[in-house]
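The structure appears below as structure tokens.
Going by the order they are written in, the chains are A, B, C and D; count residues from 1 in each one.
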């Protein structure tokens, strides 16, 4: 049985999507000439500002291209579905946003992305464009706490990119941008649960199998297996399980502020996300933590996968300022 | 086989969702005391302004409660999943937003909603609150053009509410608000296609059956059957079929401007919506029509139904101004 | 033997039980030509009505209060199409038996008939438009007619039940002119209207109630 | 008989065909412990490489140009993990045969060996970490060793093929230390690494190519 999708040829899906994005958001986005996978913010890059290039595989929309815009990322390099972009569009992005103050690469920590972005950085060095890299590693499920740098980057990207983009927009120095970006990443924690798979446009076949009554805790946003397969529980019990892991690591003190993201992996509707949000709030109340801002919806998806993730960013004064900083992206404005 | 959902008891889903909405968006929304299904904008209602009350069944999020806020609707009355709210929360909404200039009810044209909102209006008349009603009827598939007033209201709600809410915010008189709302509705056209059903939280069973290679053209946003069941086609062919119906009715002239919404019914991901958007643009170009603004994403859903709808609002100077008017809602800001 | 508040409490409990048993079946019928929730609406409404009615003190509450409590509870639990239709039905029944401490058989048949009328007026539907009116109207007509000929309550509602079932069954061949199904043209042919089906269940419950009383 | 640009064009076409035939199988392997796209990546990459290489004029393009064209095309078509790994492999091969108008058997074996080395360096992976290195490294070692003992090309790659298949099969019992699978702990035990499997297909294609030339 094939998954039904509103696509043309599966192999054309990513390029046709990008064409649709550009015609829908001409005031926000354009593509580098002859490099259709390099998507640039019309009003973001400018002289003296650190340029922020994000990127990764397609299929996570609105991540990554939805976060390109004034006050957030300056460009996104777009790969095939669930596949890192190759160096060429990354290089084109970096050149388009370079304002002479350095270019920061930020992306989720996956072997493929690291290799491609590193190759791009090596080639940019030949052109004397200084590139630094901050990997996002917010997925609590993907490695123990003492191997934080081994973790995957998932929905926490939204807050981490947002903080770094604000630092760039505020004309922080390259050193300061990098520090703020690492700081944002270090204080961001995500745990997810998947209920049903998605299908790649080229295969139209579910990318993993899961039982009718099962859920997968800690599943990756490309359907990579998680930490445990359990039988499906109530929304409150699932939320507790995710929040337990997050709170255990976060080590916040009563009175601390947080930013919260309850994110759909694709087909889980807002009704379910808000039911989870209600429980997140109860758990945060119990821990004496204050929600400064919250996002609920489709922010970092895996095509039509069913499931949700919870992200908590442990704010301090600086992160709060950066998260509150205005941004104006095609798919995200504050 | 049961659909997996992140819920607690199915019967509690709507109320728990609303609790989650309120804790996520305390700066935007509150519920009338003791009437949890009456959701009010913190900064919307004010003296001398026509109050705009929208509403309908749950399961369409961010419709309706996501469009409550300054510059858009003042309140939403929320029903059970796919069921009109009863008169009580409608009455509570009207009382909360009444600024002495009249209260406008706007909602999709469904028998249940009409009966409940009419009952509410009758009871409000006893309290000398003047209520008028403008039904949305944008679903081209649901009745022939000469029975426009019989049609259902679907995703076009977003633009129609937006225009009416802007008229209220601009302190149009009651007559003028009503006129603008009818005008907005009359120039808005939606056609949708469904690929897979959703399941109500209380039953967890698919609410309709559809073949593995089939699609349903013109399906309603509650899963009501549409105008034709066909075999699934490419995104371009489907988009053409929807756009043909819309363009045929719209009778626009070359150079006219439009607002476009490519909307997911729930689980259809942004990748597919943007692939459709690309074709929408090609068809509008062909017809010489100019996209003034476009929205692509989850705007009026049917839980996790798979499929999409296309809405085109045929702008004139007034509608363009109203659509461009700023708004600040929990789930929608311009 | 007059019908008391206590009897009406039993009646509402009986209806709630019978509807609950058919909840999924009613959802299936609604899934075919509507939005699949009619069983949920009727179940929630009848349960809320039975609960509200059951909470009344029979020593204090007259039949009119029973019907009014049922109306309010049903409406607030449901909304949807069925909410205003049944709430109006119950309110009309309440108005028809105002000031009566208990109901004669005539009173009861009249209350039944005004329920049908209330539904018809609220929904502005005529028989033949594939709605619950196709069940309620012939049932009410039958009850009134049989009662006018002097028959006992059980017989009145036996005939009402029969007419209801026929009316319901006949919706299968009708085009729909009201409600969600009205947009479907001839795709509704072959499907019973869900509201007509739940109405037939309720009327069957009333017939059971009447039989039990007379028997 | 030396290996010409034309021969290499045939080789890349052969590889692309063999990988295409296993596309879905490779996706399935990746679905178990990765993100399910390895077949798509390898198919797209090998097809792009074969097409770019096939477009070269054999009269103008030396073997180094073949490998460089393959590297570029593979990388840009794929990205992912496989893109940089195979692009680096092909670039190293291109560098190793720089200035040669055609390749001797020694040249070819050396090119093969530096491909394996390039993959290892780009991925910073050691054998035993459940990656394609577990296929490439033993295969390259075998080819070099057999060639040093003076055997013909066909025999070198027969042994390389055998070592590749063994290396690939052995990933089944390994924990993963690199790539997506490295986060899964012992849930990867029992599953072959998809990159190791595609590497074994490519090396089998090369063995076929060598057999065909010598035979």
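Here are some notes:
Keep this in mind: a residue touches a chain if its C-beta (ideal position, glycine included) is under 8 Å from a C-beta of that chain, and two chains touch if they have at least 3 such contacts.
The UniProt protein names, listed by chain, are A, B = Dihydroxyacetone kinase subunit DhaK; C, D = Dihydroxyacetone kinase subunit L.
Every value quoted in this text rests on a predicted model; they were computed, and no experiment measured them.
Common neighbours of subunit B and subunit C (chains touching each): not present. Among the other chains, the CA centroid farthest from that of subunit D is the one of C. If you average the Cα atoms of subunit A and of subunit B, the two centres end up 29 Å apart. For the pair subunit B and subunit D, the distance between C-alpha centroids works out to 54 Å. Per-chain Cα centroids separate subunit A from subunit C by 54 Å.
Centre-to-centre separation of subunit A and subunit D, using mean CA positions: 32 Å. Looking at subunit A, one finds that residues 81 touch two or more other chains.
Residues of subunit D in contact with at least two other chains: none. Chain pairs that touch, as defined above: A-B, A-D, B-C.
Remark: subunit A residues 11, 57, 79-88, 110-112, 115-116, 118-119, 141-143, 150-152, 200, 202-203, 205, 207-208, 220, 222-225 touch subunit D in the complex.
Subunit B makes touch with subunit A in their complex at residues 1-2, 4-8, 13-14, 16-21, 23-25, 58-59, 61-62, 81, 193, 195-196, 198, 201, 212-213, 215, 232, 234-236, 238, 260, 262, 266-278, 281, 291, 294, 296-298, 301, 303-304, 306-308, 331, 333. Looking at the complex, you find that subunit C touches subunit B at residues 24, 27, 31-37, 40-41, 44, 75-85, 87, 122-123, 178-184, 187.
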